[in-house]
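Have a look at these structures, which come just after this line.
Next come two complexes built around subunit A: one with subunit B, the other with subunit C.
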Partner chain A sequence: MTTYHFGRGRARWVPYLLLLPGIFFYVLIALGPSMATAVYSFTDATGLKGAPVHWVGLDNYKEFLFMGQASKDNFAALERTLVFCFFVTTIQFGLGLFIAVLINQNLKGRNIFRTLYFMPVILGAVIQGLIWSLFLFPIGGPMARVLEFFGTRSEFLGGQPSEAFAWVIAIQIWANMGTTMIIFLSGLQTIPTELYEAVRIDGANSWQVFQNVTWPLLTPSVNTNLTLNIIGSLQAWQLFLVLLGYRNGTQVLGYLIYATGFGQTSGSVTSSFRQGYAAAASIILFLLVLVIGMAVQTILRRREVRIMG
Partner chain B sequence: MSATREAVLTKKPIPWGMIGSYVILVFFAVLYAGPLLMLVNTALKTMPMFMKDATGLATEFHVQNFVDAWNKASFPKYLLNTVLYTVSATAIYILTAIFVAFPIARGYVKYSGALLTLFVIALFLPPALIPQFQLILGLGLYNNPIGYIMLFIVNPIGIVILVNYIKTVPKELDEAAALDGCGYFRFVLEIVTPLIKPAIATVVVLHAIGIWNEIIAPTIYLTNKDYYPITRGLIVFQGVYGSNWPTLAAAVLMLTFPMLILFLFLQRYIISGLTAGSVKG
Partner chain C sequence: MFKKIYFVMTMLMLASVILAACTTTASPTASSPTASSNTTTDQKAAAANVTLRVLIHQNPPMVAFMEAFNQSFHKKYPNITIDMSVVNASDLSTVTQTRLTANDVDVVDMFGFANAAQSYMKKVDAPNWQQLIDAGLLMDLTGQPFVQKYDAAAVKDAGTYNGKVYEINLGRVSYSGIYYNKDMFTANNVKVPTVWSELVAACQTFKAANISCMTAGGKDGWPIFVGAYGLLGSIYPDQAALVQGLWTGTIKWNDAKSLSMWERMQVYTSEMMESGASGIAGDAAPGRFASGAVAMFPGGTWYAPAIDAAQPAFKWGYIPFPGSDNAEDNKYLFGKYDQGWAVAAGTPNKDAALLYLTEFSDSANYQAFVDAVGFIPTQSTATLNTTIGKEVAPYLVNFRVGYEQYWIAPKGAGQFANPWASYFKPFGTDDDPKTLADKVQADLQSGLDAVK
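Right, the complex of A and B next:
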């Protein structure tokens, strides 16, 4: 505690009183519900007001993991979540780094490129999704024309589930690459130019400069971006909602939780307001994020110690 | 032989690296601008023109698409709802957040460190989706604008950004102000707030964009059409007029264009918010 200058006695309580609303809202709306997810996962809660809630122990987890076709679908969604995370993270990370290095050169118009690539970040999932639905219009749309030129065609988002899924990955990367790039750019700007000049004088080529100066000194941004990309892509599903809807063969875990918790009917897939079950699925997704996140953190920290000492 | 060699050596080398960089950057620029240009082009066309040739350039300006979208999509109503939700939730949030962040940054309340940790761990906890819904339902605020706004009056990352920034404001200021008889409440609002404007701007912009673009919460919490924000309105509009791309494109464009203009002004705040804390030292 630091010395407080604004009075004693009763006046000393003023900062506490003013702090209270913010803490209260935070606990009520974010922290409390977040922890309560674990509690709900052991019940058969529904989304209906006044409906009785029973303690069901591990039933939701057992059902999610081991019961019939539904559990097979769940595992398929889990696998898809990991595939989505892998492709989005690696491509977005690689592309973001590559573009940041290009833009960081002394190029004319670099601000225009930077602004353009970063633009989708502000538009949000709905506009991103609708813009791309139009761009991927299968009958004579721009992308269809490009494919036509190469002598092929596609239904894009309306095609095979695997194809639609691949397009969502591409659009997710398009939408968020700007954030990765911006974080790398701010990292690049902390590297002193004298360092580059020093290795250049020693006769290093571009690749060697990148390998020996840029890459190791970029470690903090590398860590931030990898962590953000992995956690973000494991939990992302808004673009699926806008681009595809709840469609068989394309669901990821986040969407599945929403659909089981709040009801979602589309084609042959019907789900109900099973909120206890959805809470169990949330916990499983959370554990997945936790395990992967911690493993990555450990690897990154070891690497940081090795590089930065 | 030696003459040509000399000529090569003295001539400025072709900057292949630069040319390559530009080629790649322009390629990606097309990928980023292309979908937007397609949107503009489609919004200017009539439906028959679009069906005949989707990518062909619009030859004239069809204002009718915009009129249709404005009326049929209940654009003014939904837009007003979005503005209302965004402004009120952000205002409540930032006001409470300043009074949380300041005493924590200064150590004016007990357990400041633990309190800050409380906000940091939120980033690593399970999603609150289900219990949050039960809470709103229990409070009788389901399908109610107040319940909807309530969902958005917290944002732990913003607190962390504010705390870090307030730490750069010299502490001597507090003592001097107190000696002059300035009270705590007035000090925070009238002296600290102007000094931390850049951080406040960053947090406000990040928070407001999140609410503005939100699509999941309105799908869950709002069933009455009169309460829809514009994002939900657009999705419904797509459901009904999905095949009428010129009108849909006009609707999307009317929302996209002002956001892009705003983006150009707010870009630096968004960037500083995203990079806050990501670069050590």
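Right, the complex of A and C next:
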């Protein structure tokens, strides 16, 4: 006979009833708009209330993928998005793990370090951008002074697109590393100390302890962090807006979507509101996130089963 | 168990009710529009408490003026409170779109209508102001008494669509001139340049004296290329014809004439501009110029009040960018219709909004406005009292609307299909004018071919 946690009879439906508010808000805030975006991507919607919306079929997709040099620029932005994702994910993951292991030790003032490392996370993108714009100010800013000491100089965020892009990668890592670190830290604190004591008695050195105890038992945290880092970096756009604005050679797909959909301009040059086209670009980004996300999930799940059983 | 569940659910419901009760309407004290056609706008607006939501773009002297104006307006009409939001110029259209769509704003600051599709342009989208009107989001202001206060030409060119007035434009600005430091020019015995070779020589003199020649707000990107519009204008004085030529293929960005422009743009960005200009925000550049750190500052006339505010005793002049070696080609000022007022069609505060515009358009208030922001006035009764007004007065007969106000890129054109100085190092990646000119033309041609 089946037993239900909440009892028998009508009580069986209580869990579903309790889930309803969550499902309602999920549909309202996430699933509904996502479905609407998919529909919008086949229209010339402007996003303006009262403006007529026409069905344009695959025109937006054709324009994004195959129309002149603009589509080549879109592919360049796509490539830049993947490069951004790779560097942010790997460095943020590695650094977050390293710092989590470090401040998981019995150090003096470790709570202060935890707070300091996590602090950038609670700042908004605008504040983060302001801090770094000042830090990287090329005329007498702190970083410019350091370079001056070594007899060199840089334009930092306003200079070569590749350099500006690299700075955004660094700032993205700085801004989000705290979350990665906290997830690893919580994972580290679930590992029983007896295991460490046992392998130490067996004569394992620090690296062997990490390799054979810490790393395998951190698998759930590894999976969570990798997934969050990959998806987060593929969708990043706010720091690009705040730090660089609309600059050739620096845009990632997320920022292109924002700029196109909301008529982002340069100075007072007017542009059109093209939310239908931006929706098509969003769907392409969604597919990219989906493919990469699912592939990573599959690999991680297999690894988890292999390690954790 | 059930008691516990019911308790939890009751608490959730209570929380929902409380949260819902906390939700406020966009304008809690706003009155509904009155229907009486016999009452005047003033009387109706004075009848109830109203919070008027106004949106403007960031321009420090304008913001300062508007704050003072709002205070005096509220003093005169105590029942109308102004809730003014300020956004960066680059974000103005985005915020306008979202707030108009949400019916969350009453009066919006809009740049003069520009970039309308021309008959020779194929498959281009309507500019955003036109989309807003077509969507029924802007109020028809035709026939409002305050509209009559503005020049008919300005009303027609910058605020009229399909025969109806949707914006009153508050002034023209030029962006193709250069501010220069009078004392620094005198001290270094440098003549105010009227041709390109003199400008180059002036910069060399300043460089030799260990003074940076020019600065600009490179962090925002557009001030770098806006500063060079005079270069473009000295080579193509008829900018509407330039745009048509580019679309129809009679002018190319890599032909001999354009190439000379690119060569000079490279000198402008790489040799004339100070190191580190890429980190200076647009709003900070006037202050840097006023501090005496540089000799010149290519920029719009709207920066003049900020320069004066930074250093009131600072002596400066303003000249058209001498981009050509023929002084006759350098007599033009290029610019645009800047800020204007539009009203949300769906505003529940129509009377207060119209009263706000009426009050603003009062001759004395408008004169104070142009004095504060340095606009070239669009009310015929207003005078050019400001320093910048006097500086540009000799060139006003040669005032022309600039390229960017006409240009719409064909769909499919690449991101380099513009005459922007910021493509050059140190702001961009290019350092060879010929290579860049070919790239710009190729990016444009790609779009023209795509829409054939």
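Note that in this section the second predicted complex is superposed on the first by the 271 of 309 C-alpha atoms of A that agree within 3 Å, B and C clash if a C-alpha of one lies under 4 Å from a C-alpha of the other, contacts with A are read in each partner's own complex, and residues count from 1 in each chain.
In the analysis below, a residue touches a chain if its C-beta (ideal position, glycine included) is under 8 Å from a C-beta of that chain, and two chains touch if they have at least 3 such contacts.
Everything numeric here is computed off the predicted structure, so don't read it as measured data.
When the two structures are aligned on the shared chain, A:Ile131 is found in touch with subunit B, with no touch to subunit C. Shared-chain residue A:Ser206: touches subunit B; no touch with subunit C. Applying the stated contact rule after C-alpha superposition, one finds that A:Ala51 touches subunit C and leaves subunit B untouched.
Number of subunit A residues touched is higher for B, counting subunit B against subunit C. Contacts of A:Asn229 after superposition on the shared chain: neither subunit B nor subunit C is touched.
In the superposition on chain A, contact of A:Glu63 is made with subunit C only, not with subunit B.
Residue contacts after overlaying the shared chain place A:Thr89 against neither subunit B nor subunit C. In the superposition on chain A, A:Tyr16 contacts subunit B only, with no contact to subunit C.
With both structures placed on the common chain, the touch criterion links A:Ser71 to subunit C but leaves subunit B unconnected. By the touch criterion defined above, A:Thr81 lies against neither subunit B nor subunit C after alignment on the C-alpha atoms of chain A.
Across the two superposed structures, the residue set of subunit A contacted by subunit B and also by subunit C is 6-7, 11, 14, 18, 21, 47, 49, 133, 137, 139, 141, 144, 262. Residues of subunit A that touch subunit B in their complex: 1-2, 4-7, 11, 14-16, 18-19, 21-23, 25-26, 28-40, 45, 47, 49, 99, 102-103, 105, 107, 112-113, 115-127, 130-135, 137, 139-142, 144-145, 174, 179, 182-183, 186-187, 190, 206, 220-221, 224-225, 235, 238, 241-242, 257-258, 261-262, 275, 278-279, 282-283, 285-286, 290, 293. Only residues 1-2, 5, 8-9, 12, 89-94, 97-98, 100-101, 103, 111, 114-115, 125-129, 131-132, 134-137, 218-223, 226, 274-280, 336, 338, 404, 407, 411-417, 423, 425-429, 442-443, 446-447, 449-450 of subunit C touch subunit A when the two sit together in their complex. Residues 17-18, 21-22, 24-25, 28-29, 31-36, 38-39, 42, 51, 53-55, 96-97, 99-100, 102-104, 106-110, 112, 115, 118-119, 122, 124-135, 137-138, 142, 150-151, 153-154, 156, 159, 171, 174-175, 177-179, 182-185, 187-188, 209, 212-216, 219-220, 231, 234-235, 238, 245, 248-249, 252, 255-256, 259-260, 262-264, 266-267, 270-271, 274-275, 278-281 of subunit B touch subunit A in their complex. Here subunit A touches subunit C in the complex through residues 6-7, 11, 14, 17-18, 21, 46-51, 63, 67-73, 133, 136-139, 141, 144, 153, 155-161, 245-249, 262-274, going by the rule given at the top.
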